[in-house]
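Beneath this line is the structure, given in structure tokens, with notes to follow.
Chain nomenclature is as follows: A, B, C and D, assigned in order of appearance, with residue numbering initiated at 1 for each chain independently.
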Amino acid sequence: MAESFELVLSGVRKDYGRGSTALTAVQPLDLRVTEESELGIIGESGSGKSTLSRMIVGLEHPTSGEIVFDGRSVKEWLSTRRSRLEFRQQVQYVAQDTTSFDPRKTLGEAVAVPLRFLRGITDRDEIRDRLDAIAEELALDPAMYERLPHQVSGGQRQRFALARSLVVEPRLLLCDEVVSALDVSVQGTVLNLIKGFVQRHRMGLMFVAHGLPAVTFISRELLVMKRGEVVESGPVRDLVESPQHPYTRELMNAYDLDDGRKELS
Amino acid sequence: MNWWRGNRWWLVRILRLPLDVFVFATIAFFLIRLLPGDPVVVSLASRNEPVTPESVAALEAQMGLDGSIWSQLLRFWGGMFQGDFGASLVSGAPVTQEVFSRLPSTVELILLGLGAAFVATIVLGFLYTRFSNRALRKSIQVYSSFATTVPVFVIAVFALLLLYVKLGWLPAPLGRVSSGVLPVVTGFPLLDEAITGNWRMLGETLVRYIMPVLAMMLAYTPNLLTQYLGGLDREIAQTTTRFQVASGAKRGWIFFSVFRRSLSSVVVVFGLFFGSLIGGAVTIENLFGFGGIGQLGVRSVESIDFPTLQGFLIIVVAFCLIAMLVVDLVNMWLDPRRRPGVAAEGN
Amino acid sequence: MTNTQVLRAAASRKRRKPGLVRAVLALVPVLVLVTVAVFAPAIAPFDPERSVDAARLAPSVSHWFGTDAVGMDVFSRTVYGTRIAVRFAIVVALIATIGGILIGVFIGLSESSRGPLGLLGRLLNQISNYIIAVPDIILGIVIVGIMGASDLTLTIAITLCLIQAPIKLTRVEVLRVRGESYLEAAEMAGEPALRSALVHVVPNSLGPAMRNLPLIFGNCVIILASLGFIGVGLPMPTPEWGYMISSGVSALMLGQWWPAVFPAIFVLLSVLAVAFTARALPKTWPVLADRFSKIIPNRRNSLA
Amino acid sequence: MSTATRPDEAIAVRDFSISYRVDGELVPAVSDVTFSLSRSERLAVVGESGSGKTTLATAIAGLLPHGVAHVEYADARIAGRDVDLRVGHRVIPISQLGVSMIFQDAMTSLDPVASIGHQFRTVLASGERRSRRDVRGEAAHWIDRVGIPRPERVLGLRPYELSGGMRQRVMIALAMCSKPAVLIADEPTSALDVAVSQRIMSLILELTAELGTAVIAITHDIDLAQRYLDRTLVLHQGIVQDFCATDGLSAPERSAYTRALVKCVPRLRDFDRTSLPTLAATMRGTGMGGA
């Protein structure tokens, strides 16, 4: 069971470029995330949702405002080697997999790397045990650890990417469009795995996507972004049943099919 | 403001040219001086002169190698801004004059060779797209795979053997004309012969150009052809072509569109290709007894003419940079997406 | 196999795997070339740098390729020419590829960083940009002119021309790999930046420069012959192809074709041999690698 | 030829199979597809990646690359006429008049260096001789019809000067201006945001309804099929699983694969579920075995 944590964003803003051509990717934004959170972020491409999640893990830096995790700003966390590793162990980020594995390293080697650096485990047997444990939990075949990334399907690779992040037992997991590139039939499997894992381990989750149904399934709270701005936020049920902002309404309508569909069961 | 935005792409590019030449000249200045080996000593040794401090100092002064490297650099820069690279040790004439009197005839040869190769490329590209005959397409591909493998002077030697020695169809490789002195107006032999109305010489020169241009065409077409075939294959498979076919566009237009879109892949390599063309032209000039920059280079090497070599390098490269600039501008004019800033605005 | 894969495979026709025999056959031309070079003293019947018979003898049983204007045996000279060309080409190809990779990796890793290393990286990149614009043979002429003609001079001149391609190729590849998301993943996994540069960036950036190596080999032969042809190559009696061709041209005019044509054929064949092997190598390499080393996992042959 | 031609038939194919030549062997990609559509009818071809749906569409539009594919069929009619859909010898295939196709990305579909007006001219000026002004007027009319203001101005622009939405509309106008009997749309909305994709789909449906054009939409998204298209053809590994009215996709007589596929689509109101149905689990549940 992970301990509690608190992630606070205050007035975070991100601009690309300078002067007259500057583009604001994220408008000033306040947000609080804890180990209880299962937060979904939805928006079309260019809405700033990915930038937001990348700023939280320090892959990009806010133009202004501050991101504070457990009382220290992300910038501070990343300033020294020791605290950087500590921060990485607690907050993990999974991106849409296209090339997130080194083509020359087996999947096993890739998944072992965070154990070695973030958990300081060097004992081969222990690494092996942990790899087997995470494989079991994510319903992966441990034999596939021997394979190279291109030798498994896209859905499998995405699950290994999850394994690489979850093997260090982080307290907060950020998922950036992890199912968008997958076939519908595989999406369900991956979503179930994430949801199950997060609930069993009581971790915080931030799930970024542009496909609404995946987000409404996996999260309890929802943030709707458009052009770098949060247009509406609240519990998923409220937003689905009674969206307030016209953009949210348009979005919900686009997916709502109650009239045309007769579902079994 | 609006005019500036519309024309920025070529103005900026042209304004950068002098800077490029200046930077390259400076790099060349250091490169030449940092190489191991001392031209002064080599030169004295080759003339069997004793290496005394006096003779070394005298030759250093002649070559512009006296004083510290920084004072040399200042003198070099000063001279360059006045278009002065010193005087040739052989003829005593200014280096710029030595080079510029020979450059046009080399350029003429290059342009003819390049033009012939370009036409051949277009024709073969057309055959490649128009006909699906396997043997034809395969042989065009095989020919294109000879790119950068066969040196032009080797082809020229074979051409000489066949067309002059065996068949006797073409005249001996002994200069541009059989007798007389070429008129000099612009420095481009063909042009000058036409301007002065010297039709006999023009005819002779044209006949004597057949073999070298043929050799250059045979040697350089594969280089352009690989690019063009690659471009054609890519463009034919492109969604654009499929969309045109599916929406029922006129067949001629589809071909035209494919050719035009693939052409930029050829024109792009023209710039860098120019360098190897100059190299090839030097060997061709040597073989066919044409005067040109190759002849100047070889003469300078034989007499260790340091100022000429230095000026020769810088002027030839400046010329290459100009050629690349022209190619870039043509390309940007053909395809506006290549203009800087356009792609960013499009997204 | 999915439809998309079938289509791609069918369209590129690269999936066809040649057998071991074909794979070895692809190497034959270059092996022959190297063999001739290595065993030149055993193959050549005469001393290549001395007059051995009357001048201008036509090809015969005793002089297969005839003799040249001063009575040197053309066959012996041509065979020794192979030795010289191959020696140059191997040295230049190795120096240019290894050096080019080192410099390219350095530029690619350092150019975007601040501080003196970044400055040096950008400077090297700019210098390389300008040297690329210099025609190979012009650079050769100038360097030989300043330093005098010798093995060392020509090696420096040709390497300086040909090292630019591996530098550029490696630099671009390093920049591409640095943008790959597996480096972000490495950062998230806590790998130190230097380690991930060495473990992930460098090994994944070597491909293009390695594939360019045969091209350097061939180009070196061409440049060496071209410089020799215009008379700024290796000094006189050395049996170098370019020089042999140019000195044979005057005899060619008189119908004595052999002193010029045989070395020209050898230039042609050697360059084509290298080009042939270079083109066949990407296809046959997996087969050979598969045969001879089961230990190293190879990316290409395991593509399914 | 055995089936009688209905007067309002737009397209009909029977026993349509496609295979690819790989290393001299034929690898089947799509087998024995039979369907027919009447004018204005809308068909969705649904399948996962690798199911052969794009291959099928490309073959019907006559766009398969020469030399790599092999097409066989018992019968193929477009607008009541027999057509030759076998892969030709030409390097650039010849258009199957009567079938237009639009693609996912308008930017790569339009000729990047030609003006929009020119691109219309290449389509509209084929066949009979017409004056430039006449053609220009018709092009402007089409651009106006897809809802772009000031059509005359757009004619002089090149694709990169248009916004993404405008490019998409121009592409649709170009595909429709030859008044095809069938419009094939390959993943028409998967590159678009939800709101935009709705507008684009309704534009396509409106235009095709007006001209009586049949629509074949290739998609991985069952949602799209259920929202916009009358009939659905489900492909799995090159084999037709079902061909039926879209409303009846989850009816008990449908194949297990189809029903499972419909069930696994994540829904907006899944927030109360603890887990989503997955394809494998659903098919196991129906006792039909895995795929």
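Simple rule for what comes next: contacts are C-beta pairs under 8 Å (C-beta built on N, C-alpha and C of every residue); 3 or more make two chains touch, one makes a residue touch a chain.
What you are looking at is a predicted structure, and each value in this text was computed from that prediction instead of being measured.
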* Count the C-beta pairs in contact for every pair of chains, then give the pair with the highest total. => B-C
* To do: Name the most central chain, where centre means the mean of Cα atoms.
  => C
* Quick one: subunit A and subunit B, Cα centre-to-centre, how many Å? -> 55
* Asked: Between subunit C and subunit D, what is the separation of their C-alpha centroids in Å?
  -> 50
* To do: Round to the nearest whole Å and give the separation of the Cα centres of subunit B and subunit C.
  => 23
* Structure fact -> So subunit B residues touching two or more other chains come to 237
* **Multi-partner residues of subunit D (each touching 2 or more other chains)** => 49, 65
* Multi-chain contacts in subunit C: which residues touch at least two other chains? -> 11
* Spell out the residues on subunit D that touch subunit A in their complex, using ranges where they run on. => 48-49, 193-195, 197-198, 220-223, 226-227, 247, 250, 259-261, 263-271, 273-280
* Structure fact -> Per the touch rule, the subunit C residues reaching subunit B in their complex are 11, 126-127, 130-139, 141-148, 152-153, 156, 215, 218-219, 222-223, 225-226, 229-232, 245-246, 249, 252-253, 255, 257, 260-261, 264, 267-268, 271-272, 274-275, 279
* Structure fact -> The answer for subunit B against subunit D in the complex is residues 128-132, 236-251, 253-255, 257-258, 260-261, 334-337, 342-343, 345-346
* To do: Provide the residue numbers of subunit A that touch subunit D in the complex, in ascending order.
  => 44-45, 183-189, 191-192, 195-196, 210-214, 216-217, 220, 236-237, 240, 247, 250-252, 254-257, 260-264
* **Of subunit C, residues touching subunit A in the complex** => 180-182, 184-192, 199-200, 203-204, 297, 299, 302-304
